[in-house]
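Some notes on the structure that comes next.
Labels run A, B, C, D and E following the written order; every chain starts at residue 1.
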């Protein structure tokens, strides 16, 4: 069948695997967005910038402090998460009682500032980041670099750990309830502001994690965030933010779809996700995993 | 002074200033402000009165700019017809995009419009007639109605001013129309509006299309003024810029978008020397406005006027009232 | 009345929503173990008073002492941890949680709360609907859920804002029984009620609120002789 | 004589590193080295950021011409902005000295009597790289092309050269612009079995593609990469580990001779250890030549006259040596084919290139008659 | 002669994931009557309203309005046909003034709602009627305030005024007096009686004194099915109804 389409099956499987790697990034990023959106009802426009900061944190740790990749993998998300916490406490916090629109606008403004500062400091051509896992596996149908294999594993583990933490524990209901009526949840005896801050920090840390994870295979550059975040937004619209699990699955799924488009119709690979988004909106406006209002 | 009187006075003042300004200031700069002001007014209709935040308005602005540019340059139509045609294309584009986007509300709406605009960006990048990253260059300004040579900056300026004034008044009328009233109600409580028998999707779609149309009018005009249509006009940064203008000026106010466009365009012009800092400064302005001056310049100003008036009124009342009103503090 | 018998003492409470001044020197006290109602017309400030006690009104002044602790500056989660339970007027059922999750949401703050089964025995209707989404419940079911979830927490001081609103007469009757039952278990309850007949069957004393302050206190026994005055206050 | 130069460049975007402030500095340096003051010339330099936006660029330049009496616009990386400026300059009869922009249209269909295109263009890069590689045995090609006009133009130009010299193009794949993930395209290129993978893209995309190729072991597996537009700043970004073995064409390299090294040393002192690019060097030498022409004409007022003088006088300066400006505005000089060193070969920071070949001036640029420049044709 | 029914449902059924909220309800509302729908909490009253006004799609059954089948019509169309509902939980336009709130509803009759080229002052002709409606519900003095500033009870009153503004032929009221003080309950009851003169009212209400006072006929729902139907005097004696709904205590006696 593949031969009919002019694609040998090996190439087909290889592209599918690569699609999965991309999907891994989409999943972690849309998961972070879903966590933040789920709790603060804020579309975190800075998510892309924070992803970029994660990559740069890795770069800086490596070049100036000699921290190897594996150290950075732990430290960078913490650093980025901490920056997120500062943003939440000093700025976002003052907007919760307002229309959600303002959260979006604030984070959009922050994107300009953060990206601008990094551009100012590091230029735009991007920085090299050594590959910590040289070599690769011969899967029969393709040569899969070890590092890409690791990306898939790492993202699956992080995604499902997060899912478990949020959906299978009491924390999840606190978070969801706090979105609707933070004052009431607090009046039940839960320290909502602290919970909100930590969750935002956690969501941001996820973006940071995706950033370091991407550093060795995508150029570390100040613009890397904006390019990917618009796609992730589309992923989120398709998935519908209905559930944490939905965000994860949609992420992987769209990575695969995009991978296939690259083989069959490469010209459309930058738009395929947007086209799917339009179709989903026409057929199922609330998204694949969203609940109808 | 009633709000309506204030609007009238402000409008007259604006027209007077606009008529004399080109004799003192660089006309091209003024035209740029007018184009962006119209763009922002169109955007403000959707956001400020319809409650719909579109993060993809560059699609209509830039789309019309491309169509106008192509039609004027390749087909050789006269500028007013080219602009009209470009505007019509934007309206059509608005119809399609709106039809998809209004299926979601709130921040989803913002994301959907952003994504659609990004799709349009890729289209503009790859479609042959747009000239890819070079854009359509050296679009002829041509002769208005075949007579008035628009290569003259002054002549062009008054043409642009006329377009702007038309657009501005039209949008003003939409806001203050029976339609506008329903629109505000939908923004407040959509299910209730439905239960009153309003097909809210139609209202949102019409608003979206009107907004797209005038964004297109602004884009088409800009193409003639600058003789260029480029990818810049369809990029997400452009969508962000118009949000910023509206926000800085004051969303949901009549004159806010004009003031916002003035401030942002001027800032871009004069900060151009600061190079990389322009975007950062813009970002900082964004953040400050969102955190501290949400009403925007015009919004804060009217609020201040109203406060002052109320204070004056209560002072008058007190003065008019007999002594009894001022009871001794300690009984 | 000895100081230690008063569980809650509100003095000169002032509150604002934005610029509008809502409470003007509210003062009253609630003895331990009593059911006390706030009566008053729509907009008198009853709900606002409760929200102040819970620390949910941003701008408030005066004194609110709970078991001797001053709470006027306290954050609402700390107030809840002291053992104050709140059933808001609009019920506050969470749409994104199902009945079970709604029920288990408020953390247990004191020992001695009801168990899940006890709660379900009290409101069998909830047991039937336990997997349904919170806001898909009927209005009355939501009201039951709002009361039920507070009973789990072990709070011994309850604020009930119009708990009978929208409930079928049989259920109202049931709620009356529950309140009387809670009282025998040592709960103290502050009740806001429009349904005066209901209030008079459960309460020990009534405060009449008008324009943000208390204008009258009546013990339940005195109601009969004060009917005339009360009717004027409530505008029947 | 009063002369006002406007350096229009990208201060914050993609090209900020390879032109940007460095170009402004280079222009100032040229004015100083020319000795304008001693010669009684009053040269002023203004600069602005066009943010890679043609509309911003043309607004700035319009204002420069209409209000600030600027005589010449310098550098302008980003083809779209350069084309816009090109039109305006002709319209107002000023002069335009292009260094940063790549599009060969500036001396082709869009050529102007007021424009000189100094450093390089897409044709010369495609020609230099394509030809040299085919001649050294890289006969089968596969292109990874940025899916927009510029990418397709590079691919087409190179294909023509490759085929002309007996090579064969096996296929190509278009990737979205800007791309984030190149693995899938590199894999397709790998699958094609071509000897050479031509990267018909620029900036971040090229960097990204090169890195991905290294990850998938493209070079170890026996294929070679050819970048069709690459600057030393890109190599710096990639790092030698991944960039080694890359072949491409440039007009100038800081480590070629003592003059260049001296210039680079000054630059380095100013810009925190970075080295100048060919674009910045081009700004220096184009400004130098422009000033000579102004001196000869005696005024900077008439842009076309100054440019005509630039074409008359042979060029000569410390960075680009001797050369000429052709009738269509094309500056003619040698181009060089470089190969990126391996980390072991490199002796220090920014020691990145080995020179593989010199493409002599007469064959380095598109022949005059092939460009389709209007006024060249009518002159015949 | 057959009775003149304005609204009729036949075998109306709504199932949510296997659970039937409304089951086989045959409801007949006589033109010009005040018809009360009562029943224990969760009996399916609001769901019935949602089905009739098409906020929910019935699983089964038909709905006839003025003899026409409206089972597959859209919500907004239903309102245009003259059947308007109020919500159990208040729904007002928070940042519009009370006058504007009512006017939005009145505006529909003008048929100019889509006219974006017309001046707003063309709506001023509606002001008198709007004020009248506000007076009717006792909000005359608040016309220029925004709805956000109202207390809960007053929002309910505003909601009724807005609903009446559409001059509906059939008015569906979901617990119109809940949350109101006695004063307002009395006024609202009077209002309902007054407006019912030339229209039909179908209401859900838990306040038995209001129900007994106003309604011509009562349908009792229980667990999604009709338990009893008839005038108050009859229904209130039905032992099943007493057990399932009314209870015996005096607490419930709101009056």
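Throughout what follows, a contact is a pair of C-beta atoms (placed from the backbone, for glycine too) under 8 Å apart; a residue touches a chain by one contact, two chains touch by 3 or more.
Everything numeric here is computed off the predicted structure, so don't read it as measured data.
With contact taken as defined at the outset, there is no chain that touches chain C as well as chain E.
The interface holding more C-beta pairs in contact, when A-C is weighed against B-D, is B-D.
Put simply, the C-alpha centre of chain B and that of chain C have 50 angstrom between them. In whole angstrom, the spacing between the mean C-alpha positions of chain A and chain B is 33. Between chain D and chain E, the centres computed from C-alpha atoms are 75 Å apart.
Within chain A, residues 116, 119-120, 267, 270 each touch two or more of the remaining chains. Along chain D, residues 12, 16, 147, 176-177 each make contact with two or more other chains. Under the contact rule stated at the top, the pairs of chains that touch are A-B, A-C, A-D, B-D, B-E, C-E. Interface residues of chain D, counted against chain A in their complex, comprise 12-18, 147, 173-181, 183-185, 187-188, 191, 203-204, 207-208, 211-212, 214-217, 233-234, 236-239, 241-242. Contact residues on chain B toward chain D in their complex (touch as defined above): 26, 28-29, 32, 122, 125-126, 131-135, 137-138, 222, 226-228, 230-233, 268-269, 272-279. On the side of chain A, the complex with chain D involves touching residues 11, 14-15, 18-19, 21-22, 116, 119-120, 123-128, 130-131, 136, 142-143, 145, 147-148, 217-219, 221, 223-224, 227-228, 259, 262-263, 266-267, 269-270. Those residues of chain B whose C-beta lies close enough to touch chain A in the complex are 53, 100-101, 103-104, 106-108, 110-112, 114-116, 118-119, 122-123, 126, 236, 240, 243-244, 247, 276-277, 279-280, 282-287, 289-291, 294. Note for the complex: chain A touches chain B at residues 37, 41, 43, 91, 94-95, 98, 100-102, 104-106, 108-117, 119-120, 226, 230, 233-234, 236-237, 267, 270-271, 274-275, 277-278, 281-282, 285-286.
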